[in-house]
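Below, subunit A partners subunit B and then partners subunit C, in two separate complexes.
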Partner chain A sequence: MKIKIASEFSTAPGPRYISEGKFSGEQFRKEKLLPKVLEAIDKKSKLTVDLDGTSGYGTSFLEESFGGLIRMDKLSLAILKPMLEFISKEEPDLIPEIEEDMAEAQQHEDAKKGDAK
Partner chain B sequence: MIRFKAKKIKFNGDFPKNSEARRIITESGFFDHLLKSEFSDRDSYELTSKSSIFTHAMKNVDSELGAKLIDAASTTVWGHKRRCTGVQRSLIELMQNTNNHAAEMGEEEKHWWLSVKHVADKKLVAFSFVDYGVGVFYSLKNKPRDNKFYGVLERMFERFRYGDNSDVLKLIFQGELHKTASGQPFRGKGLPGVYEALQKNKISNLAMITNNVFFNSATGEYRILQNEFQGTFVYWELNPTNMSLPYEN
Partner chain C sequence: MSRRQQLWIFCAISFLFGALCFKMIDKFHAISFDPVFSFGNVISSLTTLVVAVLVTAHLQRQTQVDKSEKELLLRQFDMLFDTLVEFEKFRDGGVLTEINASLKKLSVKSKSIHGILVELKQPKEIITASNFSEVIKKIRKLATDTPIKQIEDHANHAECSSEVKDGIIKLATEKRNLLDNKIEDMKLQIIKAQISLNRA
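On to the complex of A and B.
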C-alpha cells in the first residue's frame, strides 16, 4: 500500500491543526493517513508514505501527522515502526526527523502511563 | 497601526533617518494604504505596489501563499520556477509561531506581516517577516503554569549557566528549548527549523530581532539591544547559491 502526500493530499502541506490553516497535519492524519494505516494493519501489509513533490513541510505538520498517530490515535510505535516506510529522495533528512517525532511521542505516552500508575 | 486606523484614531510618526530605509518604506506602498480614508480591521491584507516589494498580512498559516511567493521568488533568482523547501519551512514555522503564541498568551490573534523584496539585477529575493506579538522571551517568561514552556527560561539558565537572552537564543536555535521543556514533547521546533534551513544552505543571511536580542548570521553576531522590540522580526535572503528543487518532481 502507498500514499503520496503531494498527489493525494496537497502540494502545500500546512500547519499542525485544522484551526490554524488549510492542509494541516491533523487533517491529513484524520482523513488520509489513519484510514490507510488501519487498512494496512488489517491486511498485515506495509504502508509506504511518499513525501516528495511538495513545496516543503513545517515541523508541526510532520509531528502532528506521524507523532499524532501515537499521541492522538493511540497506536503504538511497536506496531507502526515495522509497517511504515518512507520515501523522501528530495529531502532525506525528513525521515529521521519523523522517526524522532514518533519515538518522542511514544516516550510521552509511556511517561503518561507511568504517571497514571 | 491597523487597530488605530480601523478605529479612526489619529496617530503620527517620523520617516526613518536612514535614506535607504526611507526609500524602501516609501516604495513598499505602505503609505498608500496608511493614508487611505477607508480602512477596516480584517483578517488578511495584501499590500501591492508598483515597486518590487509585495506585502501580505494574515493571522492563520497559509502554506499556499508561501508556495505562490516562492514561485515568484525562484523566478527572480533562477529565471524559472523552482521549489525552495527551506523558505517554505521558514514561512510555515514563523506563521505558526505567531498564530500559536498569541493564543497561548490568551491574547487576541495577531497578524503576521511578510514583505518580499525582489532585487532582479542581483538575482536575490529578501523576505522580511514580522509580528507585533510579545516576542520570544516575553512569551516564554509568561507561560501559564500548565503550559509546556512554563519556567523553561529559568531551567535553561540553570542548566547551561548562560548569561542573557542572546545566549538563550543560540540554545533555542540548537533545539535546546524543545529538549529542556517538560511535558508535551511536540512543540518548540519552529525556530530550530528556520535555523536548520540556514545551516543546510536553503536560505542565506538570516537575521532576527526579538525583544532585546539581535542575531545576524552573516557576522555570527548575537547582541543585546538597548531598546526592546515587542515582537519578532526575521529576515533572510534567497539567492542562486541556495539549495532548491526542480518545480516538477
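On to the complex of A and C.
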C-alpha cells in the first residue's frame, strides 16, 4: 500500500492543528494516514509514505502526523516501525526526523503509563 | 625587487650556470657529442618533443578543468549563502507554507552541493565542512515547531513557544534569538567550506 502526500492530501502541508490553518498534520493524520495505517494493519501489509512533491514540511506537521499516531491514536511504535516505509528523495533527512518523532512519542506514552501505575 | 631586476638576475645566473657546465664538460670530457645524426636520432628526438608537448597540454587542460570545477562549486556555495539570506526574512515568522518552501530550497541546494563534492571525490575535510544537514534540521525545528497541547512540559514552556494562526507562525522572542544564532552558524559554516575548497 502507498500514500503520496502531494497528490492525496496537499502540495503545501501546513501547521500542526486543524485550528491553526489549512492542510494541518492533524487533518492529514485523521483523514488520510490513520485509515490507511489501519487498513495496512488489517491486511498485514506495509504502508509506503511518499513525502516527495510538496513545497516542504514543517517540524510540527510531521510530528503531529506520525508522532500523533502514537500519542493520539494509541498505536505502538512496535507495530508502526516495521510496517511504515518512507520515500523522500528530495529531502532524505526528513526520514530520520520522523523516526525520532515517533520514538519520542512512544517514550512519552511509556512515561505516562509508568506514572499512571 | 622589481620584475626587471629579477629577470636580470635570472639571466645572469643562467649564463653562469651555462658557462660552468661548458667548463666542466671541456675539462673532464665526461660527455661527448656524436657530430653525426642518424635518421633514428631525429625520429627519437621528434617523438620526445611530441610526447613532451602532449603531456604539457594534458596537464594544462587538467589544471583548467580543476580550476573551472572549483569556480563552479564556489558559485554554488554563494548561491546557498544567498538562499540562507533569503530565508532570513522569516526570522520573526510568516506564512508557514512559505517558510517550509524556503527551508526545502535550502535543504535541497545544500544536499546537491554535498552530493557533487562526494562525487568529485573531494578531500574528506571539505565533504565534512559541506554537510549542513544538522544545522538545517535545527533551523527547521526553531522556525516551524509549535507546542504539543497534550504534553505537559511543552505546555509549561508555552510562553516561549511559537504561535500559529490562520497558517501564519509568530516566533517567540527566545526562539527568534536562537534562530538568529543558528542562521549565523550556518553562514559561518558555508564560508569555512568555501575557504577549505579554495585551499584544496
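A few notes on this one:
Note that in this section the second predicted complex is superposed on the first by the 117 of 117 C-alpha atoms of A that agree within 3 Å, B and C clash if a C-alpha of one lies under 4 Å from a C-alpha of the other, contacts with A are read in each partner's own complex, and residues count from 1 in each chain.
Here, a contact is a pair of C-beta atoms (placed from the backbone, for glycine too) under 8 Å apart; a residue touches a chain by one contact, two chains touch by 3 or more.
Predicted, not measured: the structure shown is a model, and the values here were computed from it.
In the three-chain model built by superposing on subunit A, subunit B clashes with subunit C.
Contacts of A:G14 after superposition: both subunit B and subunit C are touched.
Once chain A of one complex is fitted onto chain A of the other, the partner contacts of A:P92 are limited to subunit C, with no touch recorded for subunit B. In the superposition on chain A, contact is made by A:Y57 with both subunit B and subunit C.
In the superposition on chain A, contact of A:Q107 is made with subunit B only, not with subunit C. Within the superposed three-chain model, A:A6 lies in touch with subunit B and out of touch with subunit C [touch as defined at top].
With the shared chain A as the reference for superposition, subunit B clashes with subunit C in the stretch 77-85, and the other listed options (23-31, 77-85 or 113-121) are free of clashes.
Looking at subunit A, you'll find residues 12-16, 20-22, 54-61, 63-64, 67, 71, 90-91, 93, 108 touch subunit B in one structure and subunit C in the other. Of all residues in subunit C, those touching subunit A in their complex are 96-97, 99-105, 107-108, 111, 133, 136-137, 140-141, 143-146, 148-151, 164-169.
For subunit A in complex with subunit C, the residues that touch the partner chain are 12-17, 20-22, 54-61, 63-64, 67, 71-72, 90-93, 97, 108.
Those residues of subunit B that touch subunit A in the shared complex are 60-64, 66-67, 70, 83-89, 92-93, 95-96, 99-100, 184-186, 189-190, 192-193, 200, 245, 249. For subunit A in complex with subunit B, the touching residues are 6, 10-16, 20-23, 52-61, 63-64, 67, 71, 90-91, 93, 101, 104-105, 107-108.
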